[in-house]
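Two complexes, one shared chain (chain A), two partners (chain B, chain C).
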Partner chain A sequence: MGIINTSRIKSPWIMHFDNSSCNGCDIEVLACLTPLYDVERFGIVNMGNPKHADVLVVTGPVNRRTARVLKNLYAQIPDPKMVIAVGTCACSGGVFHNCYNILGGVDKVIPVDVYVPGCAVKPEAIIDGVVLALQKLSKALGVAK
Partner chain B sequence: MNQWWIAIIAIIVAPIIGGFLAGIDRKITARLQGRYGPPIVQPFYDFFKLLGKSRIATSRMQFVWIYGYLVFMITCVVFLVLKLDLLLLIFLLGFAGISFVLGGFSSKSPYSHFGANRELMQILSYEPVLLLMALGVYAQNGSFMISEIVKPGAAPLLPSLWPIFIAVLLVLTIKLRKSPFDLSTSHHGHQELVKGIMTEFSGPYYALITLTEWYEIVLVLGLVALFWANPLWVGIIIALAAFVLELIIDNIAARMTVGWMVKFTWAVGLVLCVLNIAYLYLIKGGA
Partner chain C sequence: MAPRTVAPFGPQHPVLPEPIQLKITYEDEKVVDVVPAIGYGHRGIEKACELNEYPKNIYLCERICGICSCIHGISYCEVVERLWPIDVPPRAKYLRTIWSEMSRTHSHLLWLGLLADAFGFESMFMQFWRIREKVLDLLEMTTGQRVTQSISVVGGVRRDIDDEQKKKCIEVLREVRKESEALINVLANDYTVKARTVGKGVLTKEQAIALGCTGPHLRASGVKEDCRMQGLQAYGDLGFEPIVEKDGDCYARTLVRCRELLQAIDLQLEAFSKMPEGEIAVRPKGNPPANEAVYRAEQPRGEVFYYAKGNGTRNLERLRVRTPTYANIPSLLVMLPGCELPDVPVIVLSIDPCISCTER
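So, the complex of A and B:
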């Protein structure tokens, strides 16, 4: 099982979901994939398919329509899985927290492992967030890191 | 007994070679795009991670077809290393492709169905070319046996079969799922059709497909290497050069439509094959 646990740390495939974000954080998530930051160095690949993903990267506050979609996507990701809330809105609802259609942060709907605050989040902070999530996973799996 | 050992060694070594080729593929692609790229062993990390994921089933039959895809592909590789019948190998490769298509059709997802339809069109594009390649080999050697191609003293096929070689390079692009023919599913550009035929395969079953693709890389490059089998190292260099050429084409080409692919491979590939075989039979008098 050792090699499988090591591989889990080395190959996190992310799926990016936009709740009702202003697109600021989404652009920063995609910026991580550009030649400047190139997260594929660490084996991180952006998947369009929840069935192949390991890490769900969520941006924006949850509203009443996307809550259903978010739950569905979370259920479709095979275990072990992690959720990273990217941006202040995804962490707590941000400036939209008291809107009539907003439920709040992502943790109102699905369990969140790592919160990455910022408006908009810097790509470096998103990479830090993924690294933190992997450290958390390696601790849970008992892999030395 | 010796044949058994060759087969067992090939079954173990082929996916390792295929995995490293996939890693080199990702590294070279990253460098061509101005990125640093993942380590060479990254495909193995992906493979073992996928093996450890939980199993999510959408249909029980798709797993049967995936095992069929893997077993037929391994059989093809064994046929190649034991130097058996080339024609039979190509029929088995067709069975393997059809198993994969039926795996895609066995779930209800529309993306999976779209991908499976496109995979069928890809098979329609490359099967006739491979079949005519076998006929070309027969016209040259008077035998479908691979052992006749690689036996010491046999003349290399490339000088007389170079039009068929160009057609087989087209097949290589389709089989490696590279642009402009990465229609049914793609290794990058993940947003189109979700993931095509792979959409409904997750966890360990996706790992099995990855394993089958590694066998496939080795098999198709082996078929390319057959064009210069004496000495074999020249053929292997030709195959590796063809592999790098595919990577460059992948990075400079855009994805084309399914109809264009069928028209192009039939208009260019089939015509080259037919002219080549007609030349061998009519001008040189055949085998």
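So, the complex of A and C:
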């Protein structure tokens, strides 16, 4: 298992899911993958399929309709997995806290490992959040980062 | 007859970062029927706007959509100003126009990148997003934020652009124009791009009008209609002419957005050269009176309609927003049946869908 765990830390594959955010954080997550920030140089690849992913990046507040989808996606990601809540909305509900269709932050539905606040989050902060998640994962797996 | 298959497109799909579901029924590779299921992005912003005091709604309205956030914020301020009515200083009008066009520039660059990604032209996607970062840097320099600027307040704008920033803006915009022209040249003439877009998802002029389409989507079908033609803000002084294409296919929609991108940069440069000196904001007196007002603005995706009703208190009685994608989704039901399955992402993307706008 040693080599698998090492490569999990060296090259995490992320999957992005948008609950019901305003798109601001989504385009910043995408901007991370494009030439200026380019997280692929650290081995971070964006995946469309939850079964291939190690890290779930969630943006936006959970509403009554996406809660089921989010739970479903979380269940499909193989263990060990990390969840990063990107943006103030994903952390706590943010400006939408008093909207009638909003349940609140992502942690109302699935366990969250790293919170990245900001509205909209800057790409630097997202990269920082992924690094933090990897440190946590390597500690849990007992692999040196 | 081949058996029919139903494939769900979304709510989590790599082409669209946003949650929308299309239930696509197909026979072999031909799409026969499409049923959209929306509601994944609904938050209830209109109701929340009644609970907050009117100056705080700017931040909420900007977050209806993060891509066209600047114009949402400005439109909200304009409609509330019409309740008194308040006359905005001319310099603030020019500044609003500049920021609106700047956000259009970044939105169109974003869309062109996503389109290239939808048919697998990965390097083109990266190039467009590389240029887009320069526009975002300008927005960050002038407003303090990359994505949600919150630059407009009721009665004017929050910040001024000084001479040093203006010089830098003009320099970077010229650079962006030159680089975009080079990329657009490839996008518009490349054989593979044409193979994936020409003749796909055709919408005739009559259909576009009957379905009530708006924005670049409507103009690509040969209808000369643009809310900037009203001449509000500074558009009246800038000699604005809408861009129209005739064919109504994905290629025409791409061309309209390419030309609008260059036009948006030209409008900014012209606005910078004509911008008058003076105040940037006036202070509104009292609360919004018991009155009704409407405002229409042209977003990167089409026409956005704002309706506000005041009742003399600090809270609005009602705020209603009609967004462009809501008007453009019905056209998908005409364009998609009969197309090949691999063309679905390109056609869906060609209306520039913004789901968080639509569902609020």
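Note that in this section the second predicted complex is superposed on the first by the 145 of 145 C-alpha atoms of A that agree within 3 Å, B and C clash if a C-alpha of one lies under 4 Å from a C-alpha of the other, contacts with A are read in each partner's own complex, and residues count from 1 in each chain.
Throughout what follows, a residue touches a chain if its C-beta (ideal position, glycine included) is under 8 Å from a C-beta of that chain, and two chains touch if they have at least 3 such contacts.
Note that the coordinates shown come from a computational prediction; the quantities given were computed from them, not determined experimentally.
*Asks:* Is A:Asn23 touching the first partner chain B, the second partner chain C, both, or neither of them?
*Replies:* Second partner only, chain C.
*Asks:* Just to be sure I read the superposition right, which of the two partners does A:His52 touch: chain B = first, chain C = second, or both, or neither?
*Replies:* first
*Asks:* Output check: A:Ala67 vs chain B and chain C. Expected answer is one of first, second, both, neither. What do you get?
*Replies:* neither
*Asks:* Considering only the touch criterion stated at the top, classify A:Pro35 as touching first (chain B), second (chain C), both, or neither.
*Replies:* both
*Asks:* Just to be sure I read the superposition right, which of the two partners does A:Asp79 touch: chain B = first, chain C = second, or both, or neither?
*Replies:* The first partner, chain B, only.
*Asks:* For A:Gly43, select first, second, both or neither according to whether it touches chain B, chain C, the two together, or no partner.
*Replies:* Only chain B; A:Gly43 stays clear of chain C.
*Asks:* In the superposed arrangement, which partner chain does A:Val131 touch: chain B (first), chain C (second), both, or neither?
*Replies:* neither
*Asks:* If you tally the residues of chain A touched by each partner, is the higher count for chain B or for chain C?
*Replies:* Greater contact footprint in residues on chain A: C.
*Asks:* Take the contacts of chain A with chain B and those with chain C, and give the residues found in both.
*Replies:* Common to the two interfaces on chain A: residues 35, 48.
*Asks:* Write out the stretch or stretches of chain A touching chain B in their complex.
*Replies:* On the chain A side, the touching residues are 1, 3-8, 10-11, 13, 35, 38, 40-43, 45-49, 51-52, 54, 76, 78-80.
*Asks:* Contact residues on chain C for chain A in the complex?
*Replies:* 11-14, 17-19, 39-45, 47-48, 51-52, 59-60, 62-67, 69, 110, 113, 125-127, 129-130, 132-133, 136, 145-148, 354, 356, 359
*Asks:* Give the list of chain A residues in touch with chain C in this complex.
*Replies:* Checking each residue of chain A against chain C gives 16-31, 34-36, 48, 50, 61, 63, 65-66, 69, 73, 95-96, 98-102, 119-120, 122.
*Asks:* What does chain B use to touch chain A in their complex?
*Replies:* So the residues of chain B in touch with chain A come to 26, 30, 33-39, 42, 44-49, 51-56, 190-191, 194-195, 198-203, 206.
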